[in-house]
Amino acid sequence: MDVVEKFRLKFRISNDLYRCLLCEFFCTGLLVFGGTTTSAQYVLSKGTQGSWINVNLGWGFALVMAVYAGYNISGSHLNPAVSLFLWTMGRLSGVRCILYSIVQILGGFCASFFTWVLYYDALNAYDGGTRMVEGELATAGIFSTYPKAFLSVGGGIADQVIGTAYLCICVCMVTDKRNKIPQHLQPLIIGFIVVQIGICAGMNGYAINTARDLGPRLFTLCAGWGWGTFSYNNYKWFWIPTFCPLVGGVLGAWIYQFFLGI
Amino acid sequence: MDVVEKFRLKFRISNDLYRCLLCEFFCTGLLVFGGTTTSAQYVLSKGTQGSWINVNLGWGFALVMAVYAGYNISGSHLNPAVSLFLWTMGRLSGVRCILYSIVQILGGFCASFFTWVLYYDALNAYDGGTRMVEGELATAGIFSTYPKAFLSVGGGIADQVIGTAYLCICVCMVTDKRNKIPQHLQPLIIGFIVVQIGICAGMNGYAINTARDLGPRLFTLCAGWGWGTFSYNNYKWFWIPTFCPLVGGVLGAWIYQFFLGI
Amino acid sequence: MDVVEKFRLKFRISNDLYRCLLCEFFCTGLLVFGGTTTSAQYVLSKGTQGSWINVNLGWGFALVMAVYAGYNISGSHLNPAVSLFLWTMGRLSGVRCILYSIVQILGGFCASFFTWVLYYDALNAYDGGTRMVEGELATAGIFSTYPKAFLSVGGGIADQVIGTAYLCICVCMVTDKRNKIPQHLQPLIIGFIVVQIGICAGMNGYAINTARDLGPRLFTLCAGWGWGTFSYNNYKWFWIPTFCPLVGGVLGAWIYQFFLGI
Amino acid sequence: MDVVEKFRLKFRISNDLYRCLLCEFFCTGLLVFGGTTTSAQYVLSKGTQGSWINVNLGWGFALVMAVYAGYNISGSHLNPAVSLFLWTMGRLSGVRCILYSIVQILGGFCASFFTWVLYYDALNAYDGGTRMVEGELATAGIFSTYPKAFLSVGGGIADQVIGTAYLCICVCMVTDKRNKIPQHLQPLIIGFIVVQIGICAGMNGYAINTARDLGPRLFTLCAGWGWGTFSYNNYKWFWIPTFCPLVGGVLGAWIYQFFLGI
């Protein structure tokens, strides 16, 4: 029996709920760390060490790792939209759905801290120490999403709903047992979906995940970017990537059931 | 028995033909949605959030998802050229071949609608509300294909026939049981083929699929781009990506059988 | 029994040698067609529809398809260097090694013809109908390789020998039964090797395959590019990508056996 | 019994330690060769035949090949940080840990020699024969890492520790038997991790491997780049990518055990 086994026996968590919450927290953190560092490198290197395809692959592979890490423990939802549609299907209790969502957002918050540490020198070299939400040298977009100037509120809602619906249609399809995709390949294909969404629907908003957006947004609020993170566009943006993915997720999951499940 | 099971039992479609048509409709829609949104992001972001490799990967992964979604139901042809060559091999009835082709084109039409909604604000920001088929600010190319200026009619025909033949040689090869590629990997490899075709033969025309081209073309006709979508180049283009893939598909499938099937 | 089965029975080739030669011919053709069209799109679109990563992925995926197509028939050598090192290991007869090499080069020749047809209009639009080997508008590099100006003869030999050795070390590793890589994944991983070689050693020469270089070179000689295809750099280049891969292949295969086979 | 079998019988190494050391030496060499040639092509072609995504994919695929090559012999650590965390878990003896690290660094040294041969002409064409560590025409960065100007010592340490921790969290996750990832897919996914780290944390330093950095650094010291390779930034850099990955590796491996192992 090696050191790891002893360690495991000693600290083993017997409570399944605690174990799942710890797992959702850690894996959402892995996803958000891998993703926000990707965005950071893209922005801070001014494109010399990152192009748009890098951003897409970075978020995609970050998800691949995060899903592999926890899919045998909690199922690696990593996204309140996923937890919610599983609840509407009766596959997750309401209490768990809420708790999962909370720790997912917490995970996103903590991961943002490590991204901030890793790129602290680079952030200062880029913006001279003045953290900004808008303008040429804005860096808030590294952590959470801010829309293009032309996007209307209606367009933002449509974007997040359709984007998350597409994500959840594909997630349902990959995990549908009748499609016989081996479990060890599912995280890889789910990662490809996220690469695909970045390529095809990453221009307007690109959040499609409440935890990925709200967690880092709260972090930027605390770490010096100020209220602008929430007041952006007269408070007409921040709630769109927070709530619309939830609607889109449920919609997408049931569209899949309607068209292909039956 | 959970909510999904109950839902499935209630709405179950017992008729195999209806089920397959619904599946071909939905999956071709998934493909065309994933692909045209990719093209939209590439064009509308003026290349800042999309380069040519993104376009190739976007169409490729869109196909991966669309094939996975339906290959256990209808076989996920998603392309009249594929349905047609299966008919020439006696593996699909003539009636099904025609019905499949119609719902595939319909799926392409409906998917274009969602792409149009998702990028409505971005389209207006790009062209100021004037939808154009030709010129600097043309956006019709997001939905269906328009050839390079130098391409002659003969060159266009050769392009579509050779391109679709290459596609169908590879599709036959991947699905050939004697090659022992596990069924759960086939959609992935078919997606790589489409990435490859975009890289190697995407310059002239890039349609190689009647449903992917004609469906969105009909949508642009209705949604404000006008008759130019069909009259482009004095009516010397639109029928090339409509009919030539059918010829190329049959040719490619039988070339495979001739060289490697025997 | 469907149409394909009947067709197969009628035209079945009972002679294993003929079958393998037809397979090597066709699959090398698939590889060279997929690869040279990739190069053509990269050159003729002046980089707007192809960057260096596209070229690498294009050749890589072309090889993936070509290897899948024939690995259950002839083993898909597709490269005289591979046939030769298998002969030195006593796994292929000398006669087969020579015949395979000839049909591989023939396959490369014929595939170049289809690339030429597909891009005939684009070639004329690019060079105005004057096929050139050197200069700003040179297009011979689409088909076969021409070195960078700074490359000496010794550097070219080192490049081809080391590059092909790296390729064959990896090919031996992937196909080594003790590494237990499932046969259906091997073509994919071999394709990744070729992507890798394009990324890491594609700058000097990038041939690493006699059939891929000599076949298309003979085609350009016939199709209007003239003797310059062989006389380039005072006849100090064309034989390097023709013969050096053979040396590198044998060297690499035995290096693998020496370091890891034992 | 073919030629290879005879060769194997004759030269078979019965001592497991020698076999493992030879394997670690050769496979680390494969990794460093594939990686440094990638960097060389990126730098020496001035970006025309390599963008940042090529560099990421090049290092990633180089690792894929190197891991496949040796994971059935020595386990393909290829990185003193990996050997060290396995020692802290009681899965590798201390003597082996030290010997592995030495041959890994040696492998990195020898591989750099072949990179140097392959790009000898290109290096001279680029810098006119004057090997430099700093400045416009610096080429030392092809072999080992040099930080961005803005990076402080603390930032460099944080970068290497966090980066290697992320690597080792993912390596532990992929190789954890309870995650049931088939052994033949593990090298591929570990390669994707390295692609991901290049995309998300490759901007500051990008070493995350003592052997990958120290081996080539020693080579550049000997091959004409001079003491600048170690004295860079007043001796405030070279030891960071040498020692910090060791700390990060152990940290990451135990973080994984703490959050997901239990």
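Structure notes:
Each chain gets a letter, A, B, C and D, in the order it is written, and its residues are counted from 1.
FYI, a residue touches a chain if its C-beta (ideal position, glycine included) is under 8 Å from a C-beta of that chain, and two chains touch if they have at least 3 such contacts.
These numbers come from a predicted model, not from an experiment.
Ranking all chains by how far their C-alpha centres lie from the centre of chain B, first place goes to D.
Both copies, chain A and chain D, contribute mostly unmatched positions to the interface they share, with under half of the numbers common to the two.
Computed from the mean C-alpha positions, the centre of chain A lies at a distance of 42 Å from the centre of chain C. Once the centre of each chain is set as its mean CA position, chain B and chain C turn out to be 30 Å apart.
Multi-chain contact residues, meaning those touching two or more other chains, occur in chain B at positions 51, 53.
The touching residues of chain B, when paired with chain C in their complex, are 51-53, 56, 88-91, 148-152, 155, 158-159, 162-163, 166, 169-170, 173-174, 178-182, 185, 189, 192-193, 195-196, 199-204, 257-262. Partner chain D is touched in their complex by these residues of chain A: 2-4, 7-8, 11-13, 19, 22-23, 26-27, 30, 33-35, 37-38, 40-41, 44-45, 48-51, 53-54, 57-58, 61-62, 64-65, 68-73, 114, 117-122, 124-125, 183-184, 188.
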